[in-house]
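A, B, C and D are the chain letters, set down in written order, and residue numbers restart from 1 in every chain.
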Amino acid sequence: MNMPPYAVSIRVRYAETDRMGVVYHANYFVWFEVVRTEFFRSLGLAYRDIEEKRHLCLMVVEAVCRHKKPVTYDDTVRVETSVVDIRNTSITFTYRVIANGTVSAEGETVHVFTDRKGKPVRIPADIRAALSPSR
Amino acid sequence: MNMPPYAVSIRVRYAETDRMGVVYHANYFVWFEVVRTEFFRSLGLAYRDIEEKRHLCLMVVEAVCRHKKPVTYDDTVRVETSVVDIRNTSITFTYRVIANGTVSAEGETVHVFTDRKGKPVRIPADIRAALSPSR
Amino acid sequence: MNMPPYAVSIRVRYAETDRMGVVYHANYFVWFEVVRTEFFRSLGLAYRDIEEKRHLCLMVVEAVCRHKKPVTYDDTVRVETSVVDIRNTSITFTYRVIANGTVSAEGETVHVFTDRKGKPVRIPADIRAALSPSR
Amino acid sequence: MNMPPYAVSIRVRYAETDRMGVVYHANYFVWFEVVRTEFFRSLGLAYRDIEEKRHLCLMVVEAVCRHKKPVTYDDTVRVETSVVDIRNTSITFTYRVIANGTVSAEGETVHVFTDRKGKPVRIPADIRAALSPSR
């Protein structure tokens, strides 16, 4: 049985818009990062500590976003994430961005756990257990 | 017969890096936008004029990037693009980012031509002709 | 008598750091914008409505930041703002960024109220009254 | 006798604009960084090497920008810089951003040379000699 998605609420910044009047598409990936950080924290895993204390990185190897409906400055978006796959060294998150009850965008990111030199490493057991999609 | 990809050279900015020491993944999409702009210009189509004079937009509806090898501050990257599909209202570009002879990333973006209100519109004939992948 | 500064709390995003391991200096100005937006809202003035309903802009004409101590990913910063001057068409805000009880940075921004074409306009009376530094 | 300013030409990116239709003010500081990098290179000092080989940083301790006239997507801006002061551990650059023959913005940044831990260090003699404003 899957967990419901983890979600955060983000107020759109002026800096995130472009001259089309809406949020510049690449900035959705920043929101994906924000919800990942908070999701890790909610599991008792500060991502900062994974980097600073365990000397591991979660390199982004693939990032996808499908845009459905634009949002703009001062909108409040709900950004949801779920883990959908976890392998020896990699993990896949999915995302939904919801504004005013409508899906603004959906996406995925795939990450590889690496050491500080970029070499893939097995995901540590406690991190794997905490992140596993079905429990 | 397909055209060879159109390419630009970009020097990586300090602002584009993150504390992992490499370019933050979302910034590749900004480079994709830079090469699209220059590709349009090379075809005699200033994208700025498409917005300002024809009142059309190219909304990003899908953006994908697969990261192979990180790059960092002051690296020079070659960013290539090609049109791989063009339909009634949409167009698909592919990209490659190459640094020091190695592929750093590959990606695609799909765009829909819209009016200023976001309503999809047929791609004007001259733009279609200029952008068509095989000629 | 001056009001105490208005403050918001911001969690530092990974995207905001650079390869020096700390927040890229220009991103402090984005935080200044975030606290301005929330300060306006706290006064019953949605800045978005000022743009969308009154067709006014607050153009930045000067921005200053003095950096005292770096902050990094996942730090929580308190960003304070106060209005220190308000004239016919312009307004000056000051800022402090505080992290772990220490001042990380201080700054100012000066803005001119303009119409949509960039022409300076007198600050509307209700906005002036709400923003006035001493009450 | 002072050197004339060093200058680079930058094409404005879509990502650099905001919903006011012009370049978001904080992005001028990124252009200041771009011209600094190229200015260092023109003096035979790759700033990247200063970081990677000498393990020094140029921390920004103050950044100022005065905005005169907005620029937008696809404009070409000329960004000029000069060294106006150099002390034991710090250096001050000034900047001008010029578009279509008009000054768009002027600014300054003050930097302190530090070691990797952020401790100020004397500017190495060769760097001082290369950067000195009058020669």
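Convention: a contact is a pair of C-beta atoms (placed from the backbone, for glycine too) under 8 Å apart; a residue touches a chain by one contact, two chains touch by 3 or more.
Fair warning: this is a prediction, and the values are worked out from it, not measured in the lab.
Peer 1: Which one of B-D, A-B or B-C makes the same contacts as A-C, at least in over half of the residue pairs?
Peer 2: It is B-D that repeats the A-C interface.
Peer 1: Calculate how many whole Å lie between the centre of chain A and the centre of chain D, each centre taken as the average of the chain's C-alpha atoms.
Peer 2: Chain A and chain D have C-alpha centres separated by 33 Å.
Peer 1: In whole angstrom, what separates the CA-based centres of chain C and chain D?
Peer 2: Comparing mean C-alpha positions, chain D is 24 Å from chain C.
Peer 1: Using CA atom averages as chain centres, what separation in Å is found between chain B and chain D?
Peer 2: Here chain B and chain D have centroids separated by 28 Å.
Peer 1: Using the touch rule from the top of the page, what residues of chain C touch 2 or more other chains?
Peer 2: 14-15, 20, 26, 30, 73, in rising order.
Peer 1: Quick one: label the inter-chain contact graph as line, ring, star, complete or other.
Peer 2: Shape = complete; every chain linked to every other.
Peer 1: For the complex, which residues does chain B have touching chain C?
Peer 2: For chain B paired with chain C, touching residues are 14-15, 17-22, 24, 26, 72-73.
Peer 1: Going by the contact rule at the top, pick out the chain B residues touching chain A in the complex.
Peer 2: Residues of chain B touching chain A: 20, 25-27, 29-30, 57, 59-68, 70, 118.
Peer 1: Considering only the defined contacts, which chain D positions touch chain B in the complex?
Peer 2: Interface residues on the chain D side: 11, 13-15, 30, 33-34, 37, 46-48, 73-74.
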